[in-house]
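Order of writing sets the chain letters: A, B, C and D. Residues in each chain are counted from 1.
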Amino acid sequence: MSLCHSYMPNYFSIDDILSSQERVSCKIEVKLPGLGYLDVSSESPDLQSGTKLDLPHWLAYPMNSRTHPFVSIEVPKIYKEAYREILTADACAVALNKWSCYFYEFGIHLAQYEHSDCNLIQDLLLQAFKSRFRLVMDWAHNTGTDPTVGLQLPILERKLFLTGRKSRCLLISWLKEGGGSIETSEMVANHKKRKRAELEDENT
Amino acid sequence: MDPNEVEFLGEKQLVTIIPSFTFNQIHLISGSIGPFRAGLPTQVPIWLAVNLKQQQKCRIVGQEWMDAKLLIDVKDEEKTSKFFTKMPSDHYMDETLMLLGVAPEDIPQAEEIRTIVKDLWDIRMSKLRTSVDAFMKSDSAFAKLDHLTPMEINCIRPSLPHALDQRDRIQTCGSRPRDSQDTQRS
Amino acid sequence: MFGEKALELIKELERSAEGIPPFNDDGIRQVLEEMRILCQANFDDIENPTTDPPNYSSVRVRHMAISRNKRCILAYLYNRLQKIRQMRWEFGSILPPEIKSLLSEPEVQWFTSYSKALATYMRSIGDNYGLNLATDVTPPKSLYIEVRCLVDYGKLDLEDGEVIFLKKNSQYLLPRAECEGLVRQGVLQHVTS
Amino acid sequence: MDDSVADVSEHLDSSDNEEFTPGKVLQDIENAWLNEKFAPEILPHQSELVDCMLEQISHMEENMKKLKKGDIRLAIHKMEIDRIRFVIKSYLRTRLEKIEQYTIHILSEDDKKSPEESYLTPGERKFAKEYLANIETLFRTVALQHMPANFQAFEVDKLTVKPNLNSHVFLRVNKPVQGIIVPGTTNDEIDLTAGAQRLIQYQPIASLVKEGAVQLI
């Protein structure tokens, strides 16, 4: 099924669900009775206003983006001043995946908050993406690099790297052997590989 | 799209063959071919020429542009030009690989032609990679790709379109209207 | 923190990139249980509010958590269905037993109904001329292809009436259209010169 | 029996429009295949072309049965038929994949159209409805029915997966067009000259693709 559309998050996207699990540091603005258990460091049954704790974005955002927010937020340090400067200095030198493997996805989520740091995120991501684009394409281009190198890239870049590398491999095998060879389908090949591996485990 | 699907389209191009058999006209769905007279040239689609050659039923006459001197001029012009120049055929690369692959002995200077075409391809490929990078940084909303052949376009697809889609996604992320309960994200 | 078990379901899928993990029955049960508990807590808050006027902020927060759990469960089911759908096209309409054992009963049922709906659609193509869309997956190059048999497959009836016995490690020249499926299933291997 | 295979193409010529040759129909199907492969959304169905070509193929296969085993025409026709069948199957597979990916969206768009304007063939619509019903059944039996009462809904609007109409596509211009507004930072207007090739967002040229003014490549 060669139909591969570019990634757009939707209700069922695994990456969107995982990236919206990233933590945002929040300060409770409204006492939340009966939710004390959310703050492991306190015994109180209620979540007292003024408490500081990290909440996943899928919770922090609806709690913050209300006319009377339940929480105020702080942007993670990788999107703040100091880190922004490192990135704008030389984006290609940064192991972006170590900052967060959802650096772009989570950044896109964060850009929705009404917050001084958040308004700068869009440009930050755009500049980083543009200046790193050549690096990602070059990695995909020389297929000598084994695919695990993609793990050094955040998800958004990793997907582009893997698609680029796949079409590069198809081109090289076409240049060498021409078209027309019929392959075992992917799932069948993986299934047989696993079966062989299991057999080997059994009798070693 | 895989390269062999682009090649599949390239196989519709016509090529001259010298059949070793005689047969009157054959009415294919895509059009009539023949009549075939042993020893006399006639034009057939490449997919048929390759099959007939494999069954030793014909010899293949190389395309007119498969000429070393002509190709060297095309290569030099490509090297000096900032933009992509027009190629002698929309499927120059796949035609060369197919015809030289099945009938190297039929086409004069076959190896030389293969090398020149490969050099031409490499020149255009590196030109393509630089213009792709420049285009990504330029923020312009569309790119001129005149004279790029389907196989070359296939090399930057889906990477470039996907990358541009992600660039657009980032560009529009901040300006989404704030609504209290973003159902998509809940 | 609520939503942890639900997230675990999603992570499970993400870890098994190409294959499909066994259906996580108790994972689903635990998430449904968390949803029930949260809903019960909301019911209690609404029925007998502790403050006056009643403070529904916690109710709204729990509501967000319940929606999150629902999204994770449906995404878990949906993404598994995507893989199961792909199996129909790559394994054919009969799943190998080891694969089938990884699926829940409703998923096996879904696979059968999907197969049936697909077969009905394929038969209806071209004013009921019928077209098997699961074959002719790669562009055809020639009428016959050289193949090597990887398993003792046994009898293969060709359209022109000929019958061939496919034995392990022997090679055959077979009509492409009729053996393409066996190559994709891993029974035959296409030998390109 | 020599020219029996020949009259097949005349049979098609006699149909309504003169230049409606089998070769033209085949070229239109190939264009529709490429458009469908690269367009993010599902395009209007081409079942007249597909049905006509399948009928042409079955005619050809009938006539081929009359040919002796060693006749060279047998192999040649069979090869061509294999190629045509591959294009038609790949075309229909691509449509099917879009139907399975954007089921709710495609069905809701389709409901807004009259049967003649529908983008789906009756067979595709029936399949799409069954596909959606099967998913809903699984969601209900495994999860929804066990959820708290006010969370049991199969929320169609939330579960709709939409194609990204702004995705970038490659196109070649068939008929020149002026003044295409391209959204983006500079909102510039572009003219498309015949034979030109562009990489551009799909949305501004969606109708041109459907009219055949441009071809996706």
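The rule is simple: contacts are C-beta pairs under 8 Å (C-beta built on N, C-alpha and C of every residue); 3 or more make two chains touch, one makes a residue touch a chain.
Here's who's who by UniProt: A = DNA replication complex GINS protein PSF3; B = DNA replication complex GINS protein PSF2; C = DNA replication complex GINS protein PSF1; D = DNA replication complex GINS protein SLD5.
Note that this is a predicted model, so its numbers are computed, not measured.
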{"item": "Distance-maximising chain from subunit C - centres being C-alpha averages", "value": "B"}
{"item": "Between subunit B and subunit C, centroid-to-centroid distance (C-alpha), Å", "value": "36"}
{"item": "Where subunit C and subunit D are represented by their mean Cα positions, the distance between them in whole Å", "value": "25"}
{"item": "Distance between the centres, which are taken as Cα means, of subunit D and subunit A, whole angstrom", "value": "34"}
{"item": "Interface hub residues of subunit A, defined as touching at least two other chains", "value": "1-2, 6, 8, 10-12, 58, 62, 179-180"}
{"item": "Contacts with 2+ other chains: residues of subunit D", "value": "37, 75, 79, 83, 86, 90, 93, 158-159, 164, 167"}
{"item": "Per-residue multi-chain contacts in subunit B, two or more chains", "value": "1, 4-5, 7-8, 47, 51, 157, 161, 165, 171, 184, 186"}
{"item": "Pairwise touch network: line, ring, star, complete, or other", "value": "complete"}
{"item": "Partner subunit D, residues of subunit C touching it in the complex", "value": "28, 32, 35-36, 39, 66-67, 70, 73-74, 77-78, 81, 85, 104, 106-107, 109-110, 113-114, 117-118, 120-121, 124-127, 129, 131-133, 135-136, 139-140, 142-143, 176-177"}
{"item": "Parts of subunit C lying in touch with subunit B, wherever the complex brings them together", "value": "64, 67-68, 71, 138-139, 141-143"}
{"item": "Interface residues, subunit A side, partner subunit C - complex", "value": "1, 11-14, 17-18, 21, 30-35, 38, 55-56, 58-59, 62-63, 70, 177, 179-192, 194-195"}
{"item": "Subunit B to subunit C touching residues, read off their complex", "value": "4-5, 7-8, 47, 51, 54, 186"}
{"item": "In the complex, subunit C residues that touch subunit A", "value": "1, 3, 7, 10-11, 13-14, 18-19, 41, 45, 50-51, 55, 57-58, 60-62, 64-65, 68, 71-72, 74-75, 78-79, 86-87, 89-91, 96, 98-99, 137-142, 145, 176, 180, 183-186, 189-190, 192"}
